[in-house]
Amino acid sequence: MSTREKTIVDKKEIQHLIAKRAAKELEGPCIVNLGIGIPTLVAEYIHDENVFLHTENGLLGVTDVEEQDMDPNLVNAGKLPVGEAIGASYFNSADSFAMIRGGHIDVAILGVLQVDQTGVIANWAVPGKNIMGVGGAMDLLVGAKKVILAMTHTNKDGSRKILKECTYPITSTRSVDKIITELAIFEVVNKTLRLVELMPGVTIEEVREKTEADFIDSLGDV
Amino acid sequence: MANIRQDIHDALSCIKNGHTVMVGGFGLVGAPLTLIDGLTKKDVKDLTIISNNLGESGKGLGILLNQNKIKKAIGSYFTSNRDVGEKYQKGEIELQLLPQGTLAESMRAGGAGIGGYYTTTGVGTQLAEGKEEREINGIKYIFEPAIRADVALIRAYKADRLGNLSYYKTARNFNPVMATAANMVIVEVDEIVEPGELSPEEIITPHLYVDYIVEAQQVLTKEGVVNK
Amino acid sequence: MSTREKTIVDKKEIQHLIAKRAAKELEGPCIVNLGIGIPTLVAEYIHDENVFLHTENGLLGVTDVEEQDMDPNLVNAGKLPVGEAIGASYFNSADSFAMIRGGHIDVAILGVLQVDQTGVIANWAVPGKNIMGVGGAMDLLVGAKKVILAMTHTNKDGSRKILKECTYPITSTRSVDKIITELAIFEVVNKTLRLVELMPGVTIEEVREKTEADFIDSLGDV
Amino acid sequence: MANIRQDIHDALSCIKNGHTVMVGGFGLVGAPLTLIDGLTKKDVKDLTIISNNLGESGKGLGILLNQNKIKKAIGSYFTSNRDVGEKYQKGEIELQLLPQGTLAESMRAGGAGIGGYYTTTGVGTQLAEGKEEREINGIKYIFEPAIRADVALIRAYKADRLGNLSYYKTARNFNPVMATAANMVIVEVDEIVEPGELSPEEIITPHLYVDYIVEAQQVLTKEGVVNK
């Protein structure tokens, strides 16, 4: 295996590690919206039949689909083919976002570019590049009852993403509730990050090194 | 009540230079591929296109973009077509980016006679710049005006001859909302059936919203867009 | 037949005379909303299959219904039993009023208490009485492309209803387009009433006597 | 996901003194007759009822009115119950009259996270008094705030065990909108079926809006309201 191939495998493994841990946060009955990227992978690890997936392009009751059953007109928000669960329903974009913005989604799991130490995120634009896409990110941030980030702890180049302050344009003034990475789990309480869990084999020193944001060590708390 | 048109060019004759045109679909899913193709063959310019995306590079609305027929685009996710950024850099296109929920809701408002409304989406972000902020019951909102268009090009699954429409799974998306918010609504469908063949429960867009119907000549398959 | 019975028959006859004449205004294809009272009777005189009736409680495609087919859960805005046409569809109240307020109804035929000489109407409240009902009247006034009144020319006591100015609270600042009574037909052009037609056997003198509003005699106009 | 309750009293236990309660129906058509009956048997007071009508004299919500459990009513057409006027004259009830379209739209806004919106309905009339007027693109509008409730009592035709709802003909009316605009949504249905028995096209209210389901014990027939 080449180094590049190895890196890709590692990257994929890390993404699945994060997704699998994020799935543990979901206890039915609940309505969940999964963002593009790592959050989409979370679906593979949900085994609770009372966790219902909502996708903003107009479907409640998203399931996996086998290759042979793929339908080009049945996709999720990432435009990937999906299946429909028993009891699924379809609705138009205005009705779908009315669900999101009206507070009817229990949990949104999202990816980010940056998150600051108050839990405010940036996930839709990079300064200096053309700002051309926002999709449903801002809607989910204001609407979902609980927002969980499923993200790699650092960027590909090793630079940090959990910062004192976002340098990219923020998505909302609302703080997320939880941050899940391949290294650790933080809860956001009163605009403060609390480290509540380390992933297996990770030390708090490593987390400190790879996190710019201030956080409280709450590992010992019950 | 809708008119059925055999000729795509004929169906699109109401679109004029400078018009604002809504185009349904989420990416290529539910996009009126036949009508978009017709638009690329029509001599028209300075269009304002309202659509979630601008197709992909060289596909769907992407062709129209490369033909320089689009003066301005209003949408939520232009990132899916890398050509948009280039045009934007060259100053060849004006872009208005809206959160996807705001895009959909503003169209609904436009179709429902609402002048504008207050949403929490976008408050405190760069997309709220220049927008009126207002506190209602202690919560901060921004004002968003309704959106309407001269013409809407949409895709449905089946139409009966009256113009009632049903949709196919997630190919529904923006189509029913756009049907309410334009002066002229042109629909392409997979199948035209007799009144009564669609049950009242299946009818998502009642015929009062529909002006012209054409049969789809292009369809989205696993292998991409193909001629029917 | 007693005088009272005779009066009732006359009243019904007059109502049907007005409704029948109003029906002539409807040329398909068009979407029509009929108000409560005389306007509801218009349905009986529509024979154009491209005239589609919308009722604000959530049905496009209203038809008559035979006694034996009456369904207590299928009614019009006046809560009277109706039938569903082929190609009919149902929708909720918000969607129904979105149709009305969004300008998707071609013609509304309404009853009124008063109409003034600029075509502004009052049809929802009487001063001194409890103001307790407005229903969809204000919505239809702002939303319908064309508004036609189908009304008796005077009140039961002979008092006039087509006035210089409404004394009851107005329904909208928008003027109606046409007024149809058992005596005459007026068009409202630039906030001015134009008498365009006399009903059979009626003289302009009778119309003048029973109309307080100023109007222009346009009977001779083509 | 919805919980199915056998006992009406149990289903209504979340309703407290002083609550705002939406009640579906257009007259008796589509009204949650069983739940209303349950409410008349419950010891509760100072309710604000949001409903198009307040039933008829001594029927439906009319019973609740006569029991003096209603402090305030918001609706579009109280005229259908003559008792309302009497109570109002005596100062025993507060009324807020809204155009029917505004009533429905304000609920939709409440369910969709919208703080308020601008409508042309009512401009220049007595019902616009005290309301903010604003001109948008040369047209006059008035501001209407969103409406929400603590609890919505609605009626549907069928529910599957997840809580997906279908409706029967014009018994739909305000019910689907109210299902979106309350903290707690209680539905009575004619029939409870298994998930999958309602087709995706038939599902008008997806289950994320529904909290409790009960089977209807009272139904509207040609002969009036009867026990099932």
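A, B, C and D are the chain letters, set down in written order, and residue numbers restart from 1 in every chain.
Note that in this section a residue touches a chain if its C-beta (ideal position, glycine included) is under 8 Å from a C-beta of that chain, and two chains touch if they have at least 3 such contacts.
Predicted, not measured: the structure shown is a model, and the values here were computed from it.
Comparing the CA-atom centres of all chains against that of chain C, the greatest distance is found for A. For the pairs B-C and A-B, the count of C-beta pairs in contact is higher at A-B.
Centroids built from CA atoms put chain C at 56 Å from chain A. The distance from the centre of chain B to the centre of chain C, with each centre set as the mean of the Cα atoms, comes to 36 Å. Measuring from the averaged C-alpha position of chain A to that of chain B gives a distance of 29 Å. A straight line joining the Cα centres of chain B and chain D is 33 Å long. Contact of a single residue of chain B with at least two other chains is seen at positions 105, 108, 112-114, 119-121, 169, 200-201.
Across the assembly, chain A contributes residues 84, 90-91, 97-98, 100-101, 142-143 that each touch 2 or more other chains.
Per the contact rule defined earlier, chains pair up in contact as A-B, A-D, B-C, B-D, C-D.
The part of chain A that touches chain B in the complex is made up of residues 55-59, 70-75, 79, 84, 90-94, 96-98, 100-101, 125, 129-139, 142-143, 169-173.
The touching residues of chain A, counted against chain D in their complex, run 28-29, 31, 50, 52, 54, 60, 84, 86-91, 97-105, 142-143.
Those residues of chain B whose C-beta lies close enough to touch chain D in the complex are 105, 109, 112-121, 134, 136-137, 139, 141, 145, 166, 169, 200-202. The part of chain B that touches chain C in the complex is made up of residues 1, 108, 110-114, 160, 162, 164, 180-181, 195-196, 198, 200-201, 203, 206-209.
On the side of chain B, the complex with chain A involves touching residues 26-27, 29-30, 52, 76-80, 84-85, 88-89, 95, 97-105, 107-108, 119-127, 167-177, 204, 220-222.
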